[in-house]
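In this document, chain identifiers A, B, C and D correspond to the written order of the chains, with residue numbering beginning at 1 in each.
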Amino acid sequence: MNNLFDIKKAYYLFLLIRRSEEKIIELYNTDKIKSPVHLSIGQEAIAVGVSLALSESDIIFSNYRGHAHFIAREANLDKMWAELYGKSRGTARGKGGSMHLNDYEKNFIPTSAIVSTAVPEAVGYAFALKYKKQEGTVVCYHGDGATDEGVFWESLNFASLHSLPIIFICENNKYAIYSHQNTRSLNNPIVDRAKAFGVSSIRISGNKTKNFFDATSDCIKQIKKKSQPFLLECMTTRWRDHVGITIPELSKAEFEEIENAKNNDDLVELEKQLPEDDVLIINKKVTTEIENAINFAESSNFPEESELYDNVLA
Amino acid sequence: MNNLFDIKKAYYLFLLIRRSEEKIIELYNTDKIKSPVHLSIGQEAIAVGVSLALSESDIIFSNYRGHAHFIAREANLDKMWAELYGKSRGTARGKGGSMHLNDYEKNFIPTSAIVSTAVPEAVGYAFALKYKKQEGTVVCYHGDGATDEGVFWESLNFASLHSLPIIFICENNKYAIYSHQNTRSLNNPIVDRAKAFGVSSIRISGNKTKNFFDATSDCIKQIKKKSQPFLLECMTTRWRDHVGITIPELSKAEFEEIENAKNNDDLVELEKQLPEDDVLIINKKVTTEIENAINFAESSNFPEESELYDNVLA
Amino acid sequence: MDKILDKKVINYGEAIYEAITQEMARDENIFVYGLGVDDPKGHYGTTKDLHKKYGKLRSFDTPLSEDAMTGIGIGAALAGLRPIYVHQRMDFLLLCMNQIVNMASKIRYISSGEHSVPLVIRAAIGRSWGQGAQHSQALQSFFMHIPGLKVIAPTTPHDVKGGLIASIRDNNPVIFIEHRMLYKNAGYVPSDTYEIKFGKGRVLREGNDITIVGVSHSVEDSLRAADLLKGVGVNAEVIDPISLSPIDNEIIRDSVNKTKKLLVVDNGWMKCGFSAEIIADVATNCESILCQRLGFPETPCPTTPSLEKHFYPNPQNIAKKANEMCGGDSEWNPPEVVQHEIVSFKGPF
Amino acid sequence: MDKILDKKVINYGEAIYEAITQEMARDENIFVYGLGVDDPKGHYGTTKDLHKKYGKLRSFDTPLSEDAMTGIGIGAALAGLRPIYVHQRMDFLLLCMNQIVNMASKIRYISSGEHSVPLVIRAAIGRSWGQGAQHSQALQSFFMHIPGLKVIAPTTPHDVKGGLIASIRDNNPVIFIEHRMLYKNAGYVPSDTYEIKFGKGRVLREGNDITIVGVSHSVEDSLRAADLLKGVGVNAEVIDPISLSPIDNEIIRDSVNKTKKLLVVDNGWMKCGFSAEIIADVATNCESILCQRLGFPETPCPTTPSLEKHFYPNPQNIAKKANEMCGGDSEWNPPEVVQHEIVSFKGPF
């Protein structure tokens, strides 16, 4: 648990996510990455703010839009890139792709590409922590669309019933693919629903890293005192299409929202708060790390036919 | 739609349900009824109150605990009994049993034995009414346990999103089989959850026919003005075991609750409000109707082997 | 897009669109719903702008609530509407199994035929561009297993149009299986409406040496394999059952009684799968038939192209296996065949 | 109940209880949950009072949230616990298909073996007393179809104890199939813990004339049929595969290579079912075997006893079919055999 917001680290992680995904965009048309990619550009502040508040013993559940969560957790970037390339040194030895990242050492659980489907798993993990009287909090990232699924509410009910140590991080970018929240539910804030299911919830507007950090730190502090679930509804904006690298076909109002978000890019704000030297060093570090990761991916082999049947059963 | 509470009719329907189920208890050990029976004894006031407020064009969705809803809807008692006996003149020609009653003419939709599973169907039916600009309100009976299922909340979300003409009648007997509500959720009233899902909801305590009637009438009135969903959480007590005819194995406190409920039996209260003559006539009528239904069942044939494949596909 | 000519060449996706729009124009009880049906892509164009043409009540997006949305379709069908529920991937049907199996398939039965459920559930099988474990499953056998459901998996633009119209007009719940590698395939399609019959398969190519039965996309590869086999003097008969439940066992039995050899090329896992059923039917009803099957290996689908190519049966290994069954040279290595629909496919999904 | 003797006669339900309680005593990571596991009936006694013995954390009731509860078991398993999730009916697994198929079976694969999911899902097949359309389904084929799952359906008290212990100790998700007509069946059971092997079947009765393969409760009826066949001079070999995935194809192939005749008695629908798989394997791997199958007719299960008796295969029609396959008199009507577990069963459920 961390109480002090480390701007330098925040900037570094934020930049590492942003530049990694920009690199994906740059490379995508080469067809080297034959994997559906769900970019987080615009939403990075959540992953960074949340991750900075966590400890090693905390557990991360994410989803198909997982690059930011993975990188912010300081999970293995080389392996992530190798996985995007379908190479055998990838996080799933090339068999999972972008939608199924994982890093055992970082307690970053393999992600699911079926919406809301890992939410009960996260709750089950939190149950196990309590069962084993083990330290740690589970963090479960999910989208606003995920709350449309019944299993989401079943999961919250169980988490509150058993007072489990879990924070649901709802990344509310207002869209499920092209479907705006208003077309999916009637003006009922997710936080209100979560409260009715016994989960303390707050909505965090503004898409600022520090705010997400503070809220998460606060939850962790409270969980350490008394095991219980929280939900943070993190308002954000996705700048790119749901999947792939293109710009979404949206209405004018929606475009303006994105433009607005770009003008309030927290990456820029964080940068402003750092000495120029630090910024330079961090930028260099990020560039090198990404270059190395891409080299790692490029130089790795594809898995052999003999691996086809590996890891189906224990 | 009815605004005036017809005590005579209420008493008649209530009695018809009570005596029918008592008859089931009486006959059960003869093994003539080889069907799981989920009795409503103690809960009849809900079915009676709700049904009296409905019109012919309204649509009923119920569940495996459906005898009371079926009888209160004045659906075909003869066929119900024949179905309990597994006979070919039953509501499903003997192929459905007590858990799958239905009466096409009365808009009593075939019931499901899988908890909460008919709830979205009810919403879909309400959607169709709106789509076709057809008169009518859908009534969807379900238990408190049914609200543990995610599909329940998905269904409410859709009903509120589309402002559908439906009343969810939550028969809250506090148990799902032997599981008390407190062991299934943390002190979060169903009405609060429903409200967070955009469905106007009220809790009705006291287990009185008239109160259920009034509340339902009121919902129907409002739906006629403006299509919208409602949920009535109807507090009640089941006197018998979840399934079968036995008395539940419960704690002392729980027994006392049942004793209490018995001492507040609304059947007795309704009877008190009627002239003695009416009571006698109604009792006689009820006895005759049940006798006739049993004769109908007894004299009906079992379905022939040739019927095995009937009605699988249209 | 609605101009009616007598016939024309359109692709599989367009044929689906045509079936839907023509049927929607005919019967106002038909509506189309599902995630993204009204989005700019309109599910490979198959539902594009239907909401503009027929109104938002008749073509609408849904919350991600597959379980309830299936029940809602069933309920609407009980009320006399004819819903078409569209899924981007067949894998998502796993969220709907309770409604499909416990409800849709049984309501007619438990109401002794008084109710029926004219619901069409469209679902696309995914493949390519790293679909992987959760976006590539072909679960037809689940639905073939359940009485009270109809299942159909047309392969050609002609059959997909006629099959969808038949499904919409059918009074039973129908699982309508599409394949995303087929949407761009073009073919001759009558402009008018027409139905193809449930329970009727089609011999796509005649031959006396061996019977090859495919399903959905594997029919394409079976035809390519037949071309390869021609080169080594083997005449394969290729059968597309189209309708999986009911299934045309007769057309297969007749063929194998002639060829005495059956190779089933599954488009899914084999255990208790489509291929198991076809072979079991032949084994119990015909005499002395040499039977073999190919299909997905017993593993989830890998995302990396280097392994995905070993996951799916392909024209070469189909041809090789068939040739062996016909006593041909087991060392034969058929030439590479381009699966244009696969190599030309670019993501991002 | 925990007294350890060398062996004793107990019934199938007691054998399950014994497996669970012994394993829970051994490993505190094991917990048991599901609707009603801690209620006075304790799921046919198989979980009775475990919460009193091991505490409420290790045996607890759940909200009716089958979908999430499956995911919660998977999540707990990922964290190193060994959950046993109990279902009163197999039909309820239809609410859990997404979690079982999309998650449990694939997490090991997508984590390249770093994670595993040691989750046991117990589910009872219902029959009798008007279970009907939604409480009688035997859906083993769904799970056999999916790579990454193990499936086991023991028939005897001996195998159910050893099978459950093996399932609990296994590091994969296991679908553990029980049958409610078996709970009262008694048999010799070792008092100690032991495992039976996945992928190993058992010849329950030897014979040279025909091979009969049953599954779960239909093994019982196959044995009864074998008795009937004895009376007309037919010696049937009866095989219980016990483990359905992996399945012991060898034991069946060996047997049919001897008898040249295979009758599979399914305990579920046949299309793409267990019986289809057994026959397809034999048809593709053995030569000139006469194959037949019996199973549920293609209809939901009726509640009325007058039709239920035609729904299930029974000793007489199994014997009759087998006798015909062996060239026996097709007019033979085997005498009635009492299925004591069925006639003695009284509801109320």
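Operating definition for what follows: a residue touches a chain if its C-beta (ideal position, glycine included) is under 8 Å from a C-beta of that chain, and two chains touch if they have at least 3 such contacts.
Just so we're clear, the structure is a prediction, and the values are computed from it rather than from any experiment.
Any chain that touches chain B and also touches chain D is listed here: A, C.
Shared contact partners of chain B and chain C are A, D.
Placing every chain at the mean of its C-alpha atoms, the farthest one from chain B is found to be A.
Rounded to a whole number, the gap between the C-alpha centres of chain A and chain C is 36 angstrom. Between chain A and chain B, the centres computed from C-alpha atoms are 46 Å apart. The distance from the centre of chain A to the centre of chain D, each centre being the mean of the chain's C-alpha atoms, comes to 41 Å. Centre-to-centre separation between chain C and chain D, using Cα means, comes to 32 Å. Multi-chain contact residues of chain C (touching two or more other chains): 62-63, 65, 67-68, 91, 94-95, 98, 102, 109-110, 132-134, 147-148, 297-300.
Shared interface positions of chain A, defined as residues touching 2 or more other chains, are 92, 95-96, 100, 112, 114, 148-151, 154, 157, 161, 184-185, 312.
Chain contact topology: the protein chains form a complete graph, every chain touching every other one. Chain D meets chain A in the complex at residues 29, 31, 57, 62-63, 65, 67-81, 83, 98-99, 102-103, 107-116, 118, 147-148, 150, 170-172.
By the touch rule above, chain C contacts chain A in their complex via residues 35-36, 39-40, 61-68, 91-92, 94-95, 129-135, 297-300, 302-307, 310-311, 346-349. Contact residues of chain B toward chain A in the complex are 148-154, 157, 160-161, 184-188, 192-193, 195-198. The touching residues of chain D, counted against chain C in their complex, run 67, 91, 94-95, 97-98, 101-102, 105-106, 109-110, 132-134, 137, 139, 141-142, 144-148, 245, 269-277, 279-280, 282-284, 288-289, 291-293, 297-300. Across the complex, chain D is touched by residues 59, 91-93, 95-96, 100, 102, 104, 109-110, 112, 114, 117-129, 131-132, 150-151, 154-155, 157-158, 161, 310-314 of chain A.
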